[in-house]
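The following pair of complexes shares a single chain, subunit A, combined with subunit B in the former and subunit C in the latter.
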Partner chain A sequence: MVLETFHAVNFAEWIGPAAKVWLIAVVALLVGFALLRWLFAVLRQGPAAGTLSALNFLWAAAADLLLISPRRTLALAGLTIKESMRRRVVIVFAVFLILVAFAGWFLDPGSNQPARLYLSFVLTTTSYLVLLLAVFLSALSLPADIRNHTIHTVVTKPVRPSEIVLGRVLGFAAVGTVLLGLMAAISYVFVLRGLDHKHDFSAAAREQLAVMWRDARRNDSTQGIAVSTDRVQNHRHTVFFDPAQETVDEQGVRRGAIRTDTENGHEHEIQYVVPAEGEVQFVCSPPENHLLARVPIYGKLRFKDRAGKDADKGVNVGDEWTYRSYIQGGSLAAAIWTFENLRDDQFPDGLPVEMTLGVFRTHKGDIEKGVPGSLSVRNPATGDEAHVRTFASREFQTDLQVIPLEFQTGDGRTINLFRDMVADGKLEVWLRCVAPQQYFGAGQADLYLRARDASFALNFVKGFAGIWLQMVMITGFGVLFSTFLSGPIAILATGGALLGGLFSDFLYQLSQHKVFGGGPIEAMIRLVTQQNVVTELPPTAQTTVAKMLDKAAEQWMWLIWHMLPDFRVLSFSDHVAYGFDISWGLLAMAVCQTLAYVGPAFVLGYVFLKSRELAQ
Partner chain B sequence: MNPRRLLLRKMIYVGLMIPLVLLLAVLGMPAAPGAKGAPGSPGGVLARLREQHELSPTTLGDIDPTSETLKLATLGLRGVASTILWEKANNYKAKKDWTNLAATLEQLSKFQPNFVSVWRFQSWNLSYNVSVEFDDYRDRYHWVIRGLHYLDKGIRYNRNEAILVWDSAYFVQHKIGRSDERVQFRRLFKQDDDFHGSRPMARRDSWLVAKERFEDCLEVVDRGGRMRGSPLLYRSNPAMAQMGYAEAIEKEGTFGEVARREWKQAGDEWHAFGALDLPRTGSESTIRLNDYEPRQEERKALAAQLDELEPGLRQRLRDEKLAALTDEQRKALDTPPEKRSTRQMDLAAQAEASIQVGHQEQARRIRGENRKKALELAKQIDLIDDELHSLRSSRGIVNFEYWRLRAAFEQEADTVDAREAVYRGQQALAETDLVAAKRLYEAGLLKWRQVLDRYPQLLADENTRSITADDLGEVIDEYRRVLKLLDEPFPDPFILQDVLEHYQPSI
Partner chain C sequence: MSAEVVIETRSLTKVYRDFWGRRKVEALKALDLDVRRGEIFGLLGPNGSGKTTTIKLILGLLFPTNGEALVFGRPAGDVEKNARIGYLPEESYLYRFLNAEETLDFYARLFRLPRAVRRQRVYDLIEQVGLQRAKRRQLREYSKGMTRRIGLAQALINDPELLLLDEPTTGLDPIGIREMKDLILHLRDQGKTILMCSHRLDDVQDVCDRIAILHQGELKELGRVDSLLKVRDMTEIRATGLSEEAKEEIRQVIARHGAQLLSCDNPTATLEELFVKIIRESEEHPGRRVRGVA
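Let's look at the complex of A and B:
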């Protein structure tokens, strides 16, 4: 899995500084708001009465926020759920069902990684549908009630405005939760069914095997043969049948169980029975090892250049995408990952190093063989290095190399991995390309320790939990905007927050003047005058004005970028699709970030609602 | 508004709607097939226009229900959706996300199933650009085949687009048969059940599949399908693929009667190609590449007839022109070409051009009763000259003479034996059996001498000479290496010295 903006997740280290920043921001916001309220009251009522009114407001607000009645809030939430049902939320579910029912038409199970494709589809579709639903439900509800005066049936009852706001958030979140739960269950079945298939053997392959087994009956030392399965979902597997691995009973019936090779990200187990006479029975298992939840331990990547000196990056071999840096073969260049907090009890069977490398050849070399690379471990404290093994690369394939707990080096030393190489839980893994003039490319997340495999089903649920958090956050924003904006404007504002959150990286790039084609005004000029994004605009007064306006817009965008949540932090689609476990730390971070936005949104929503005449 | 006016207004609306609906029904009536072979209804005006301009999806190829649904589901925003998908595809390619790239291309093809450029561009993308991103040749093969399958799908939806069939043939020929990884690709392709139909394992070959697909392409063209490019080139493809097949099996160690038979087949197909009527550039008429030699003979006979009408006239005209030359031009012409200065070369060239006697000029000088016949003969010669010019140019484009010669001499037992001896020599060299290698190379070179003596054209024509020299030069280099390893001198005189004189080893 590619992690372009990599940061190691450690919830315990993250929460302290993050909470501090959040508290400062929230306190500043509340104090600012209180001051404004006071100023407004003083201007309207004079210093003494204004101050008193402001204090009254704060006092009432504190009471409204602290003395929320769960019973009334739940009752309001129940009303919100009923209202949602009236608004036919079930349509969204129907759309989802239709999409899933016809997804098989345009999802290709013959893709080289079908599991990734199917998982990406269900997660993305669910996410878009649920978020859209959240935007419309949450932003339209209050304004519609206010417009129809139905809100008066509630505000005339002994309920606090805070309960109205919280009830709405909880009600919509509950509706979304039920929908999301149903969608998750259907998606899970859809993925399993969509990927399910079995293979058989063609008549020609069966004939070849029959000849082999005939020979095996006559001669014990008959060699095995590799045959291909039939093509199902656009792929075949190669299976190696070896008579020496089969069991033979007294009646001469041979039995065997073998695994196919890995194709399209999965493998099968084939069990077979060869009777002395008659047809061979093959039983092929459903696809295996394609729905994973690897638990990776990431290290920190650094490089050495060809002369063995420290370098920020490796070589760029001309790729437009600079995620991977390349190290030159047959030189002192190396890519080094430093791992921390390693304990021997975590790895009882050796250190499983999993890597996905890029390979760049400057000459053809031996086409039949991968470019040789070497893997070493180094003690960061002593600098002692031990070569583990040489391997042949397979580009874009996930290659697992297990470093034994005890191994012999080329110079005859016996290395105990944790005793000799790990210092204070730290270990360096050195990757080098052995072949001169060839290159290996590596990015931060390309090499990691596969600590263990977690449950895929649980990971799938965690993936949907990410969508749930996004939905809750959008509901919070929607309810907030609906307390002081009319319906369509609230939808625009909530949709804008959603888009800004989804494309926060683009917003940042735009605010930093890093996007080709300039800011919004310049882009509009280019669009109208049909100019491409890289040519300089003519140095006219019009251009100068456009650039000045863009500069101002960039400041705004920078501010908005800071204020909006980054929805990518809450999206775990790639983790699920690429088969990586969503750690509890990552999930906890996402929960905290959601609460960090939903909490203030609730308070602000309450304040805005309370300021309106209808709630007083 | 009172109810009466309301009713009136409704009636007016209905009155207007009925003829509009009837008109629409007449215009838009769909075509219907006839029962049991009987001619069906051609449908309304719109259906007929669709059929006429090949706009109906049914006339273009198979209909994909997914594609139609998606097109409808975009509610007229298909262009926007396609643009986004193209952008996404480019992004996925840049970020080497092959799974999503392939998925996006599938979606793209659903939005634009009858847009030939999508199939052509993106299949090339998969087979050529994506495949080379992988280091392992098996992965590369996988993506080459993905591109081919993508193209095959495009062919199903666009059965009149011969260019797509041609592309698929070219991919098989070029990517499987000629790329750097051809040895590995051809091996994998032979095992791939998807491409060979009922052909026995021994006849499973990428070149034969390419040939079959080139023939399919011609079939589409012949039934009125659309094709881009020159017929001269695409009609030569099946025979060229047969040549490629014969060449490839020899490179992989198949000789004897099998190789001779395949080369004979290639020669026959090349001859059949030469007998085809091909459009002549800048003219409505056609030419046949095989006609060059007969036309030359015809021209010679006509020129002789013209000369006979007034014997000696041609020489007289030439003498007159010679006399009209300046002293400087005459001096330049008299100077042997190798001793001419630069200015003299120019002058000699001008002089040569000005002393040429044209047939029209010759005919116009004939007086009396033969004049009419002379002018007629001159006109015929000019027409033949034009045709010969077109033939020379067309034959040059496909290297017609070389391949005709190649197919002819490759069928010879001596050529096949020569190639077999060299092949076995290469095997011996690879196994470092230098003595056997030397013996086999020498046997091969001796056979090549015999072939060259029987086919002197191989070293006579400039174009053919360089190809022959390159082909044999590499063998001579290998032989030289064997001798060097054996510490023996290179023979002098060498049996293929004439080849060596034209061979320029690559760096």
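Let's look at the complex of A and C:
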């Protein structure tokens, strides 16, 4: 699980500083713009008339922005919607339908994590389609209106330029909303149906099931018998029996007693009927627990090195991503998560610790078995530590270890978790690697308490809300660019903003000189002269010039990186695909980010449109 | 005529520049004009003389290089004045994906009109410009004349006090031209002020009270049409039922007074008059009819 830790960010803590930075930027932008406008006016018309004209402009702008009429804005939004329909938005929808229809051929429900695969597919497909559409619609509309002179009949009505810009943004947002809504509904059905399957039992397995059932009735023990389902979608399950959970309904259908293990991220329930005569009938349920929205409680991560001393980080094992730090097996090294504000009423059934560990093997060991790890809890106040259990790690697979509320340690102590280990709501969870010469890798978000599960359907909707926000953001940029650029150029600019936002990481690294092969010009030279990216270029004048130009380019990229939105903050696809709840705080953060960009884009777009001679 | 000035331009000047800010065309040079309430004012001039430029400057679609234009005493860039203005562009630039009804409904929504009034006005205007049968068709299917009509309808959607008509008769058939002229006169009679421009002399002569003649962006002549056109040293006599002898007698009277007779003939109707008469008759009595062969 490689979700960045940003989903642990607290909205209440984030909003204050973020709003401050935003306000400073916006005020600087506004003041800068007003000064520029004034300077131009003074240069063109002289100091007195220029100042007057600049003040007039500001006055008119204030009126235009404050006295926006909903009626006219809605009329313009309606026009935008009709225009979008004429531009064959329907085609995008058709493309989506075709993609989904054929996706069944290349998406393998028998793969390791089919739910993740299916969810990633629908979320990625919809977001790319909708964002691409948003680029084209928003960037082309206003330039076409100006080129066809249709805008002349609009601006000679009592319409404010602000209403034209806002109407556009709202209209496109409405089109996108309907489109996304339809796509979300279809996606949901597609995922459910794509993952749906049932297992059956061979005749032998049926017999064994019947034996197991009879045994279980008699002495509550089913040891020694392992029953497997048949193989569907490339996997089979092992069946467990727990008669204590059984319920019977009026039709005589018995539920709850027979479940399967978890394979490929899901499990099944086996219901059965015991007829008066003949054999017991077993019926398999559709997959369960494969579409999740886990609500994690994250802890703070720190490390102990092999000698047991405190360390900021674990070991770096080389070309693994630096997000994870590694701890050495068979030593005193440990990864420690400290959790806060735990209450016993949150965890009536024990403390569910869920983890996804990276494993780095220096030797093969027993490749069939997982590298063993040990899980302990420690009271942060008293320093008292209790070993919970040793487990076999499953590399990069999510594993749930429930720490019981009461357990026995190896030396015979009985531990009451909340009484003995939790101090003032705080608890430490210690993870060690048992096998010598092997390593466990963990990052902050890799181990968490799975307090509860939220509704998957709601999480799915939130995931699409993220795409919706991205679409609104792109629409804002598109409309902004279209107020002063011609259609094709506006498309390029908007597309550039989209790419920059999607790959904002890369842009940052370019600007920080962290990419191999140097800046754009140097890279170009390397491309043309076919040189390797790590060797130094010969110290010629040419190289010096190239490096100087790159330096300038890097400054620009740094600036652009700072001005572009980070689209990853708005993309919740991973949350949905990996089964994590998108918290309301995260969603609120995304909404604020979107507004923080779309608001100024609207004002700027208005200023450009207002200053523009539309009939020129 | 009331003296209230509706449009005022003060040394209005427009220089078109290219992308780099270099001067390209001096389209309008220091124009001073007053248009008064209730009159039909005509801008007359050959192609490229700056008529459209003047109208666009008055509407705020272009920014003046120098001077200023005031409408209802407000600067041309002011939005609120637009509530009282109707504008028919040179070519009807309308949304081709809307039909006539949708078009008028859209423009009507841009004004503060109650729903019922809006509905009624859309209905009335479509009837007034004779597009009832085509009102559900997209404008992309319209002929030039039909587009012109719907363009006129959108200019009238707010029942404006002031109308700016750029070449209102181009693209219309003779009937349309006649109807357009009648409509303009009718609107004037309702008290509206009209500024129209045209390069067609007959249009301007037929409807305008006052005209300005532009050439290469300069104002060449300004005044009342009747006084501008009055030929003071000529007299026209028109009569009906005169016998040949009577005509001869008149000739002699003219000669006796030492004046010169320029012509004495049967007048020919203009082709426009003939055409309009035939079409009107045909509308009243449909069917095939061939008049005398010449």
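What to note about this one:
Here, the second predicted complex is superposed on the first by the 495 of 616 C-alpha atoms of A that agree within 3 Å, B and C clash if a C-alpha of one lies under 4 Å from a C-alpha of the other, contacts with A are read in each partner's own complex, and residues count from 1 in each chain.
Throughout what follows, contacts are C-beta pairs under 8 Å (C-beta built on N, C-alpha and C of every residue); 3 or more make two chains touch, one makes a residue touch a chain.
Not measured: the values here are computed from a predicted model.
Using the contact criterion defined above for the overlaid structures, shared-chain residue A:Lys364 touches subunit B, although it does not reach subunit C. Of the two partner chains placed around the shared chain by superposition, subunit C is the only one that A:Leu79 touches, whereas subunit B remains out of contact. With both structures placed on the common chain, the touch criterion links A:Asn112 to subunit B but leaves subunit C unconnected.
Of the two partner chains, neither subunit B nor subunit C is touched by A:Met183. When the shared chain is aligned, no partner comes close enough to touch A:Val130: not subunit B, not subunit C. Of the two partner chains, subunit B is the only one that A:Ser202 touches; subunit C does not reach it.
Touch criterion not met for A:Ala139: it reaches neither subunit B nor subunit C. Against subunit A, in their complex, subunit C makes its touches with residues 16, 56, 59-63, 77, 79-80, 82-83, 85, 87, 89, 91, 93-95, 97-98, 102, 106-107, 109-112, 151, 154, 158.
Listing the residues of subunit A that touch subunit B in their complex gives 2, 102, 105-108, 111-113, 116-117, 120, 202, 228, 231, 234, 320-321, 323, 358-359, 361, 364, 367-368, 370-371, 393-397. For subunit B in complex with subunit A, the residues that touch the partner chain are 65-66, 69-70, 94-100, 102-103, 106-107, 110, 133-137, 139, 142, 149, 180-181, 184, 191, 193-194. Of all residues in subunit A, only 60, 64, 71-72, 74-75, 78-79, 82-83, 86, 148-160, 613-616 touch subunit C in the complex they form.
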